[in-house]
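What follows is subunit A paired twice: with subunit B in the first complex and subunit C in the second.
This part shows the complex of A and B:
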């Protein structure tokens, strides 16, 4: 008996080795890129931390001096930085609210009346596929005082002269443009979520005599609420770090009026050339966002 | 019925307007009020290709090459990883959450170190540099998408192949792609569009050789004034491609966001 057992164990061992080698080989074949990406990111973060302690100017690493925490103190006490944070926050909140509500309404409307109509759906989806910077330029052409359709016709019909890029109302112009481009994104998510509700639920509700409004409130919304919230969070994070559209439209506004955080850091780093400062600002922003995201995640997971 | 047309119009006005503007002759451009009915001309489209100073053809070439290479490598690198995550159930705990959390970080944070390190490596103003940067962002996107799409592959087929003794690499090459080919194409297109539309790093890392369409369009805004006709033509050419591609991938977008459940 022991002889047979030994022979068997030898057989199994060979199989085991083969599987182990296979796993090892597969791991190597398949994961190197992920390590590359993650390794690259870790390297970048460490490098940023390193730079933030020097006063690097215009990409000149060799002549930079060690300045300790002064970059951080500079940023944290800088009015421009906090103003841009305030602007980003204000912009992101307003825009997210508008887009979430509008996106859901439009999605619901299509879902009720034009479900499955590919052409209508796609035509509504197009703004999100275009480059944000190009979309910004498109709107600049549209709203410009000289060649823009809209200001000219407003003037022609109503006699009022609206300058859409006037510092007083430029915030609303930027909000409008962002809403035009990204509401379809929320609409896409809401519409997909609506499509995911099993038909039987609707039928059962109708059999039980519920009217459309009741169905909307008690069935539809609970079903898709998590998707809508996810969409809102995605939009908020994206709007907070807005760069492309606003940069091509106002370049950060007269002075720093319409600078989002990204634009501010970009200007400090690449227009003024203070790359140590910009790195420090970037890291401060990074920490703030990690803290917020972490807490938001905790909140969401606790609800469910 | 009218209402939906109105909504569609509102969302597409900027695009329609830029098409109209690109077809207006110089005189029509500055007429007040702007003409709705006019004689179209293609002079602006001609100008941007033949103009010596703007070299739009080069912008187009740059954008196209960078987007193409980025998307290709993105798929090639992430398809095996997505397969691995789903069918070996290993990397799921760390990789996926980390990768999805990456998307909440403003990219500007990486602008500084990338610029400085690329300067040392002489990668500034090269297409290769931009490709690397785009890959850094595209890979997480395509990984998430592919994991999502691969979930619709029935496990039994894979199990059957494994029992038949197929090596994993064979499964990857021969079995998976035919089953999810349309999803792979959709992911490819999405990566392509992302790279095509990228602005920030194209702005930072390009001087004159590798200027892409997105940055190039802003060059029509000169100190002497904006060349409305030319910039419109440039924008039309740059955005017509994503516009057309949307029709193809709209089905996949719904699939991606509704967790595969369609009516």
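This part shows the complex of A and C:
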């Protein structure tokens, strides 16, 4: 018996050593990339923190003076900053709600009727393959009231003269454009989550007499809720700091009516040249995003 | 073996010294197209002789200065020749080498254009294009107004109703801003169902610094300025209020397309090209596009230009040009190319291909092919102004843009808005 126990111990130890060597090899292989990414990120964060305590303008770090927390105080007392935060929050909440609901509904529909259909799925994903600034430019032409075909077809079929960039409705135009581009992202996540639900669960529910609606409410949605929440959080974070599409379409205007916090920071840093101030604003935004992400991850893990 | 090493060494040296590539940044559009022709000519002639090849890199026009400034702030040696403008020169000057002392015959350029490329008395850039604004209008429709009694009666009726005084149509050269408003109303379908155009005018109201350069024409024409006699920034003045309210009034009246809050150069041109607008304040570079039968088939033969209206005609002017980067590793080669540019012959090639160089003999010689050259020369000479060449010019324009676009659309009160501009610019200038 001791011989058999020894033999098993030897085998077990050999396996352990093999696993340790594999882990070491894996670590060694990805270490340079990790060092590059994390190192770069840490360097950027530290440098940004450093700059935020100086009145840096136009990249002239050597001429800048230490100003302590002045930049942070200026940003937090700036009307423009809070206006842009309000707009970002409103925009992010609206588009996240719409995209989450629509994304799930479309994913569920495809899952029910066209499961496995690669062509339909790929076509639906096309908007997210486009660069946001290019997408914004495209919409600038499509929605132009003189040369854009959308206003002219609306006028032709319905007799309505609609100006999509009128200040009273420009917010909804921007929401529509964002929803059209990013709903497929939520759809992709929801669809993947739906594919992960075991078939047996549905079969068991049907055997027990559950109809489609009850299966949807009591099985499907709870099963994929973590994925949906994760998708919603990702979309919220992205929409909150939206830049490209809105900047190309409206420049954040008129005034700061459609200025997101990213556009505000960009203008402060690059147009006005206050890099110290922009760094402070960027760090405030970063802190807010970290807090939201941390709490969101807690929520996801709890549900998981 | 020894021979092989010698051959290898010669081969390596010849590769290293074969030719120098000078990189020049430009922005896409008629200017870059014209410069490409000059560069092609240089590369096949002088450049081939000197073994110096010039390559143009086009950054997109959107956020062009930000991209270029980022490279300069990083002390990048990737660019040898930098694209500059009057309004950005002050900001770039620490990254540029003055062109004084080099054998450049810069006197081929108009003196004022050289001043617009100078800072603290030193020349930093060669001016390649000069930009100003015109009032573009439909001469066919204006002629009809002058000859049609019913139209004239309607014009008087509308001006009395909306402006409080019965006005008679005048030549655009004699317009003040009331005449401009009256024309805008008359040629807007909302007020005049017989108007052949949907809108009387197009304004570029997007939150963009270049649109404020156009608005500055209105301010200057009303007797306003950025700085008072003592050199102090002063914007909350009656003239600035009047100029701001003009745009607001035209927008509120509906004489401009509601989407004008997102309009810049391209959109304004489109509105005019499709025949939907009677007139607009627009850059001189648009003339070439609006009078081209292929680009503007509906209006190419119906376009005319006039000075910006007002008690005093005024047009913003700036030069676009090229300067030498301090960080260039090919300074000698780049200077050879700059010397080549500073010649009448080269500027003639540039002008023949779409550029607008401030070289008087060239402008006069080509005026038969490019009729706008005559107007440009005349307007710059008689009505031109430069707001400022300080390093804060772009920042001031951005602050004005943020507040004025809000004022024009009624999101900010005009007095409060101008006061905010005053405070923010004072804070900026005191730093």
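One rule holds in what follows: the second predicted complex is superposed on the first by the 265 of 304 C-alpha atoms of A that agree within 3 Å, B and C clash if a C-alpha of one lies under 4 Å from a C-alpha of the other, contacts with A are read in each partner's own complex, and residues count from 1 in each chain.
Methods note: a contact is a pair of C-beta atoms (placed from the backbone, for glycine too) under 8 Å apart; a residue touches a chain by one contact, two chains touch by 3 or more.
Source: prediction; values computed, not measured.
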{"item": "Three-chain arrangement built on subunit A, subunit B and subunit C clash or fit", "value": "clash"}
{"item": "Which superposed partner A:146 touches (first subunit B, second subunit C, both, neither)", "value": "both"}
{"item": "Touch count on subunit A, higher of subunit B and subunit C", "value": "B"}
{"item": "First, second, both or neither for A:56, with subunit B first and subunit C second", "value": "first"}
{"item": "Partner chain(s) touched by A:270 [first = subunit B, second = subunit C, both, neither]", "value": "both"}
{"item": "First, second, both or neither for A:170, with subunit B first and subunit C second", "value": "second"}
{"item": "Partner chain(s) touched by A:248 [first = subunit B, second = subunit C, both, neither]", "value": "both"}
{"item": "First, second, both or neither for A:256, with subunit B first and subunit C second", "value": "second"}
{"item": "Single subunit B stretch clashing with subunit C - from 117-125, 171-179 or 189-197", "value": "117-125"}
{"item": "On subunit A, positions contacted by subunit B and by subunit C", "value": "59, 144, 146-147, 248, 270"}
{"item": "Touching residues (chain side subunit C, partner subunit A) in the complex", "value": "62-63, 66, 69-70, 73-74, 91, 94, 205-209, 257-259, 261-262, 267, 270-271, 274, 276, 391, 394-395, 398-399, 401-403, 405-412, 428, 431"}
{"item": "Subunit A - residues contacting subunit C, complex", "value": "55, 57-60, 80, 140, 144-147, 163-167, 170, 248-257, 267, 270-273"}
{"item": "Subunit B contact footprint on subunit A (complex, rising order)", "value": "22, 26, 29-31, 33-34, 37-38, 40-41, 43-45, 47-48, 51, 56, 59, 61, 106, 109-110, 113-116, 118, 120-127, 129-135, 137-139, 141-142, 144, 146-149, 152-153, 155-156, 180, 183-184, 188-189, 191-193, 195-196, 199, 227, 237, 240-241, 243-244, 247-248, 261-262, 265-266, 269-270, 275, 278-279, 282-283, 285-286, 289, 293"}
{"item": "Sites on subunit B touched by subunit A in the complex", "value": "3-4, 7-8, 10-15, 17-18, 21, 29-30, 32-34, 77-78, 80-81, 83-84, 88, 91, 95, 98, 101-117, 119-120, 135-136, 139-140, 167-169, 193, 196-200, 204, 213-215, 217-218, 226, 228, 231-232, 235, 238-239, 242-243, 245-247, 250-251, 253-259, 261-263"}
